[in-house]
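Same chain, two partners: subunit A is paired with subunit B first, then with subunit C.
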Partner chain A sequence: MHKRDESVLEIRDVSKIYKTRGAFFGSSGKDVTALYRISLDIFKGEIFGLVGESGSGKTTMGRLIVGLEDVNSGEIVLDGREIVGLRGRAQKEFRRKVQMIFQDPYQSLNPQRSIYDTVSEPLKIHGIGDASTRKDLVRETLKSVGLSPPDDFFFKYPHRLSGGQRQRVAIARAMILNPEFVISDEPTSMLDASISAQIFNILLELRNKLGVTQLFITHSLAAARYLCDRVAVIYRGNLMEVGPAEEVIRNPKHPYTQALLDAVPKFGHDRDAKRYGTLLAKDRDVEEDAGCVFFPRCAAAHEDRCGRKQPGLSQLGDGHFVACFRLEAMHEA
Partner chain B sequence: MALLEVENMSIGYNTKKGYLKAVEGVSFTLEEGASLGFVGESGCGKTTIGMALMGLLPPNGSVREGRILFEGKNTLRMSDEEIRKIRWRKMAMIFQAAMNALNPVQRVGNQIAEAILVHNPSVGKEEAMGQVEALFELVGIPRDRLRDYPHQYSGGMKQRAVIAMALACHPKLIIADEPTTALDVIVQSQILGEIKDLQKEFNLSIIFISHDISIVADMCKDICVMYAGQLVEFGPREEVFESPSHPYTKALLSSFPTVTGKKSDLIPIPGETPNLVIPPAGCRFCDRCSGPGPSCQAEAPEWVEIGPGHKTLCCRC
Partner chain C sequence: MVSKQNNNIKRSERYPWLISFLEGWSIFRQNLLGKIGLVLLIIFALMALCSYIPPWINPMYNPMTGVDPEITSCTPPSLRHWLGTDFMGRDILSQLLAGARIAFMVGISAAVMSVVLGVSIGMTAGYMGRFVDTLLMRLADMIMVMPTLLVVLLLSAVFGQLSIWTIVLIIALFRWPGVSRIIRGQTLSLKQRPFIEAAKVAGASHFRIIFVHIMPNVLPLAFLFMTFRVTSAIITEAALAFLGFGDPGTVSWGMMLQWVWKTGHMFQAPYWLLPPGICISLITLSFYMLGRAMDEVLDPRLRREDQTD
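Showing the complex of A and B:
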């Protein structure tokens, strides 16, 4: 489905640090590391999943890629071109190629604009087509996200639509410029299961029919498994594990990924699924922050090693990377 | 005698658009120490049921017909004063979005002590604080956080505090309405584990309300599946989830992604839920059903028994 060697997006050693506001008198505030030296490649035509809990930095990653925020260090390269500091025409071109679908369709659509206005606006901004071709394009795009007959929706306003329909409008708005790369940040967290499945299937269709490369940001391993070709698991801004989705989720190697899977409620035959037990019942007291970020909670950790140094990524199998000393040691043995 | 018996309960809301029939003809029983889960999508009436049991429906909502028998007494016939005596002392609720259930300008410990003091006038202030400390230990909040304000707590700790508050007066029944929806999966599993342990320890009866099938299946022995204000399937969890009978239950199960087992295509349910101001005459799921029969559109379905304790509201099953 995707070609290994053709990266659409390269994230090279990206860090993002937020500064908190300090007290009025006194200290100047603390640095909060949202992302720490993340490197990832996203291949052409794949759906790449970024999985993490709240505060892991997954949303920050999405915002950095679309240029809503700037990196502190590192590079983000799209189609061989560094995106930080793009200005003028180059920036406009970049914005045509990269689109984002936000989490909450109740907030991401302007309530005072009709669906037609909302979906056709990107065409106007980029000066594409005349009135009648725009109309045809909007019609086609609405149909492709399952809003049919499209003409019925043209002059409706968001308040008349259900959550699922709104999210389809948001997808249509992102798709109308025929982007190369689409980022969706928890696009179904506000929706019911049966409606989420509709949205998932639309995203899959975008990949299968139009070959759109996607970054899917989620907290749900189950959704990532269903939708993604490859996934990356991040924890407190650090990359823990990357690999083919099925491999990472069925055969996780990092203690944190294993703890996440343990925590997913299971039922039916899955109740007997094996447990990894890699989460400590009570967090370890850690004096310095030098070690692995998961060290304070990790039951598989080795005091001397994991508390002192951060593990690097080591490769396990075909494209499966894990940042854990336990595996480094196994590898050497 | 069952702890709680609900017979043919219907609940409606007066809205601008007309009378909304939020819950229609729901019956179930709950024994002491048992756990019952309500699962369904937004707007199916599951929260409304919880609120009605607690006597906390908003002013525009009312129980139109039916009976709620708690320890054999009909709570719908009780005066406000009588129901206030049962509420919190005999049945308590863990609300959805617990973060908003705490008063932001009062110390967490004091808030819980207040719940104890209001409902047990004989208890002194010192004693109440002592009980709060014990409760904190029970739900896993460190003692030194007693004098903190809610904003100093993490989401998981606020949820634990709300659980402590629900347990404050040793109720027999706990109604948990989406208690972990806003939490991360690891914290969620810890809280669910906590609730399970407490249930065992105090022989609590639990009504667990969630849109998430996997959580309900994990927490409850018996399951009620709700759709558009009606119960559509009822039975032991193994039966309901492993051999679902109602087309809605089947559809719901196949629209849920999983982390285990074979990866299969998710099948979304087409269409939208019906308007409950003018509910359909026949089966409410008919328009979205994959195999409706000729009479489904016009005739309301009846309950069919398909196994021991396993019933379904479908005329095709």
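Showing the complex of A and C:
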């Protein structure tokens, strides 16, 4: 489906640290590392899943890419152009290319603006088309996200719409500029399972019909498996495992990914069908932060190695990377 | 075809303010305080409108300069002067009507000015944040602790008689901080809402975010404040006038009270003392009751917005 060598977005060594401010003078609190030296490539036309638990930094990654927050170090390159710290005209041009779908459709639409106003706003901002071509574009876009007949929605306000409809409107707003790259930040976490499936299908269709490259941020491996070509598993700001979605889920190598899979409820199988059991029942006490970020919770960890040094990503097979000493040892052996 | 479909949608659906106005009105109608306030206000508004009638009937009913040629002292109510005359034979009823006009003028213009000032400063502080926020809010704190009345007294002592518009301006300049604090808070919380971030991602300018996305969401609150500001402006003006620092060229209720007091009719002529006193109390009460009712109308609406209905 995609060509390996054509990466749309390159993330190089990106770190984000939040400084907690003391009450009065300067920074006296502890710094919080949201992302630690993340490097990723996202290829043209793929849906890339970023999977992690709450607070793992996956949402921060999305916000850094669209420029809602600034990176502390590292660079993000879109189509060969550095996008960190863009201003003015260059930033506006970048905004046309990259759009975002937010988590909470109840909060991401302005309650005072009609659906037409909301969806056509990007066109107005970028001065695209006149009144009638805008209307056609909005109509077309609303239809493509499954809101039909579109004219019925033009003058409705968000409070008259259901959660699923609102999220469709949010997708329409993101898609109307015909962006190259769309980030969806847990777009279905506020919606019912059946509505979620519909939203996933809309996202898939966008990729298949329009070839939109997507970063899909989620906490659910099941959703990632359904939707994504490749996934990256992130834990406390560090990449744990990157690889083709099917491969990572069928054959997870990192103990954290295995723990995530253990946590997915399984119906209709034996309770103990296949469990990895890599999660410690009680967290280890760790004095120093030097080791692997997952070390405190990892049952498979080797005390002196994993507690001392942080493992780097190493390649296992075709595009499958894992950051774990256990694997390195297995490889060497 | 398309326009036909649009017309099929109920008219009210196209205008959110119309819906919220109708919704608000139905809540307001159940509010006794609000109804009393509204009725009182309508009466005062009629009084203000009627203030043009007496001088038109007969020049001697001119509230400021019209003097009854046959009367040179304070007289009790009669057919010729329904509320009596003041110490130099001017008609009290026509003064009272003119006072209503001044009260509305002072109250509403000072309120509008202070709310416009408060909203723009509050939105600027909330949106820009950092040192602009600190600067503006410390300024607001400084002004907030200054007693308006005292400052106006000092100013009029320094600059001599102040005209009614100067007084209005000063009241407005000293009454914005309360509004700006509330609006700043509202702006701060709106700024964090994802729909603002969505607009940013779409490429919206700061100008667009402020005026298209934030302003419509803070305006209901600003309108609420306007009614409370009217009350305080009217009271301040009346107090000033009573203390003798009002505009001598206008007939306000405060001025009338001052004339009663200065000419020593305080306890001799209740027909002169009571009407302006009662009017001041009632008009402030009515604006206050209206504000309270509007508070009740706006509050659940705001709450419902935050919830996910």
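One rule holds for everything that comes next: the second predicted complex is superposed on the first by the 324 of 333 C-alpha atoms of A that agree within 3 Å, B and C clash if a C-alpha of one lies under 4 Å from a C-alpha of the other, contacts with A are read in each partner's own complex, and residues count from 1 in each chain.
Going forward, a residue touches a chain if its C-beta (ideal position, glycine included) is under 8 Å from a C-beta of that chain, and two chains touch if they have at least 3 such contacts.
For clarity, every value in this text was computed on a predicted model and none was experimentally measured.
In the three-chain model built by superposing on subunit A, subunit B and subunit C fit together without any clash. Once the two complexes are laid over each other on the shared chain, residue contacts for A:D304 go to neither subunit B nor subunit C.
When the two structures are aligned on the shared chain, A:Q198 is found in touch with subunit B, with no touch to subunit C.
Touch criterion not met for A:D283: it reaches neither subunit B nor subunit C.
In the superposition on chain A, no contact is made by A:E140 with either subunit B or subunit C.
Of the two partner chains placed by superposition, A:D31 touches none, neither subunit B nor subunit C.
Of the two partner chains, subunit B is the only one that A:V264 touches; subunit C does not reach it. Applying the stated contact rule after C-alpha superposition, one finds that A:K156 touches subunit C and leaves subunit B untouched.
Once both structures are fitted on chain A, no C-alpha atom of subunit B lies closer than 12 Å to one of subunit C.
Those residues of subunit A that touch subunit B in the shared complex are 53-54, 162, 164, 192-198, 200-201, 219-223, 225-226, 246, 249-250, 259-270, 273, 279. Across the complex, subunit A is touched by residues 2, 5-6, 9, 13-14, 16, 193-195, 197-205, 208, 212-213, 216-217, 305, 308-309 of subunit C. Subunit A makes touch with subunit C in their complex at residues 66-68, 91-92, 95-96, 98-100, 102-104, 106-114, 121-122, 125-126, 149, 151-152, 154-157, 159-160, 163, 170, 173, 177.
Residues 41-42, 184-186, 188-189, 192, 211-215, 217-218, 237-238, 241-242, 251-252, 255-261, 263, 266-269, 272 of subunit B are the ones that touch subunit A when the two sit in their complex.
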